[in-house]
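Each chain carries a letter (A, B, C and D) given by its place in the written order, and its residues are counted from 1.
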């Protein structure tokens, strides 16, 4: 995968897909590391949309100063239906050539990587992926950029809900993000001491949920929290509420959907360090001649994963944590 | 209203209605001030429900140590349909006599005060109200306990949503609490730099809202935030979204309902100081012989308002702030 | 003070002195309000230093978008010894003329206002002051911009210190900002439930402090917090520690100086609203022909105070709060 | 190390040494897991001091409800000189027998483990250690309980200091905790974008530090942050300031010592999950017959380390992170 003769002179960097806290820290690391290697950097605005539409501008170390602590992405993100077509990608490749950009760093999730993988294959463009999504569902890295921040944001919200649940001895169903995977739901349920967690990874039998809640309320708990991943097969917190409300009428059942607050905010220490490591590594591995790979951190070490592998499936949840959640209820 | 001969020896304190951050700080101030006057304090659990059902226990300074910073209420809150009946209140009055409680401090909102007012009239019981609700809708005080914290909680959430709105150049409709009044919606909209705020106090013409949003988006703003009070006549953020989504299809309109997260959390400095002032004042004015009044802070000074006045209407919003919001858009 | 014929066409705005959270929100309000009145705005970087050295640049509504939530000041602040001289101020006045700036809004504390007052008198320049300092020591306004945020920042730090003080049953001396006044010390001591507060406004007898602490420790409290204003006559927390450490040897006395963390951070809801009100009002009163005045909010209404009055003395602390602190210990 | 015949019926749990956020979550996990195994739990207050002085009380699931989110430790911590003596430990062992406690879980750092190791050897008592210290300096676990929270607390403070450093274009020396190791200093310096970090693990040449700062200030940076571990050989931030202040006179050099705020606060999501895993694992491994070991998480899996190994040396810092910090400056 490495090619000793190749020497990167100019790279492009973009953020794509759902934004996540730490994307800015990652762009900063790309720019500052590139500078050390005398590589010129172009920032591409609005992801693949901007790549096709020529929103490409040179950026340097001053453009990325004082952004490490900011949520969102100053390069903006966007969807691009055009990039899903061969014509769109051809136009993108053309633009890269126009600016003499010989390699592209894409920061985002699996949708982003799927696009990059096609661009790489069709137009022989060097690409490296940096995994950034609050969902943490990418294989090839223990954590994705933004996950830790989203977890803490959701947890702080649930802590606040617990205050009012306790004061009123109510039952709350709290929906957290996670369309396909239950990472946020599982870890926030453990960390908040929730009574039950519903994950897309497990079959949810509403009758069992009811029974668990009944048993807990019997055992002198007078408030309870259920954390529900948006992608749980019950259909989310509102639908679950419909299904169980008659059984818990006396608990004044309430629903809270945390929603997009989980995407924003200053990144946590962990996310900033991870974003810095991966952004910096992306430049280094490009410079070493790698392409069509994703950088990740596994067991505290840098790991390279071929793009096609990274997009082949969703990451598995840690089943020992599911057991832990059940033990601690 | 004052009776020089009356000397309070034992007071009861309860929290009732929706909980709000600072209730614990207020209970603490009641207990510690009472101690200085050699007054015994009984804590009544679960509000009027517990008063009727005998959940009454003596509390002292140690019971309230290390609670000033906690959200919720350690005395719990609850609804009591029984207290809405004469029989219920008679039973409550009986219990107060059983414990030789000669005065009652009720911490809550206008529903709480309505009950206290009846109890006072029907059974000649000395009551003082301490205004605590995140809605800030009580007259006789510039602010209610919990309002400032709720404002900051909602604002921090909106700041996070702004991050992702900016990254994606999306439009967000954010619903904040406020069933009858728009205090939270108005102040968070100013503080977050929201493009539009919809309040129960103003007629909302959906066509005008659309026009404002169109004008702003024309003027090179590519993301926008609309803050909607839950009690706005449009029916809240979800209903508003239904009405405008076709006009802003390209902005990938999203809805966020902040919900009960706004009730919890460690109280802000301002709320803890206000709660401490009012809890302490409640004991003092009882000791001076006042009854059937609410304590408040108006223009930085303690103000007493007769209960019947305090419950006669909702507080008006500050119209200079509505003008300010419009100027700064 | 008003002059009906005068019509402002161009204003300058600067931030000076110690920065405080909300300065950016205030600049934003100046720019957006000016726009409504068709007034051009120049931003002056580095306060009076930049005014003398020509760091003057036109700013518009886009320059101030997405800054309402940021701490610090994007116009920067600086000290300027030159501006303390007549020559310096003459040069500043000359620059204002060069840019056709017919009025100046200065955002800062009493040092800032003293300079503006001289500039106004010596060169007949219209100036309006906006009170922004975390110390809250300016008369003519109930609160200064930044005070509420600093209070909450200090309080959150003290809450954390309380955790470890309780775990170890230790005594902590915590120093908060306040060189001449004890506003932060007094309100954080009430809000944190500190055992003792030492303020510049009160004579501190170390023997009395020792006695109070001894009494409290006798009364079964095993940890204690003393909040000390940096300007307290003991000389601050480190010096106090020297004086009392031998008497409390068993409590493993610790000192924490909160320092400059109190200056930064995202402004609170209250500070953003206040900053927005005052920035907007500054433009309006200039436009109405006022000059050499400070805008403030007293009892929830806008109040104008002549500059010479605003700088004539420090604001008094609220003595009812001192009493409250003592009652609740 | 395992003994199939041994069956634990009663365990004691204590926290000792410097407190760290997550200790409560860990105690909760011990109690709830023990309950699943029908094991009785005694809470020992004030660490080894309380073990010697008989502060031992049975605790169950209700005692640990609603504590997962609290900083500090409800079992309190304390130093015990007596436990450092053979007589002290003999008395401790006697008390354990008196209560029929057949195994002890100690939550703390290497000082705590050294004591437990001796107790185990001298009196054949089954002990398991749970690593909890903000310093993260224990081998046998990737992270210690409390480290992630301390990191975020320090980072938030540094972010605030950055606001004021930028506004004034000042230089700040910020001292973070870390007497023997630079984990907090290194990771916060990367995450905050600090210009320089001084760690106990590296020789610090003050002349080089000066040169680096001069170079950066030349390169158009007008503010700068230096993060200093308290255990750096310069002697900490105050001493460093003495050494360099004359060279940077124009930058109005300031020092900030973050101190004990880093110990408190609600634990982060990561710390709560880690504390829950390790607390739960401690019970399980005791039940499986292990003793005189420490539980840790290495590469996302549970790892057991003999106590004598765990206390044999401090954990090494990750040198790839030191390189990263230098690359990103």
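Here is the rule we go by: a contact is a pair of C-beta atoms (placed from the backbone, for glycine too) under 8 Å apart; a residue touches a chain by one contact, two chains touch by 3 or more.
What you are looking at is a predicted structure, and each value in this text was computed from that prediction instead of being measured.
Treat each pair of touching chains as one step and give the shortest count from chain A to chain C.
Each step joins two touching chains, and the minimum needed here is 2.
Walk from chain A over to chain D along touching chains and report the minimum step count.
1
For chain A versus chain B, what separation do you get between their C-alpha means, in angstrom?
About 36 Å, centre to centre.
Take the average of all CA coordinates in chain B, do the same for chain C, and state the distance between these two points in whole angstrom.
29
From the C-alpha centre of chain B to that of chain D, how far is it in Å?
40
Would you please write down the residue numbers of chain D that are in contact with two or more other chains?
Residues 159, 162, 166 of chain D touch two or more partner chains.
Considering every pair of chains, which are in touch?
Applying the touch rule to all chain pairs gives A-B, A-D, B-C, C-D.
Using the touch rule from the top, collect the residues of chain A that touch chain D in their complex.
25, 28-29, 32-33, 36, 62, 65-66, 68-69, 142, 148, 151-152, 155-156, 159, 162, 166, 187-188, 190-193, 220-221, 266, 268-270, 272-273, 276-277, 280, 299-300, 302, 318, 321, 324, 327-329
In the complex, go through chain A and note every residue touching chain B.
15, 19, 21, 23, 46, 70-73, 76-79, 153, 157, 159-164, 166-169, 172, 252, 254-265
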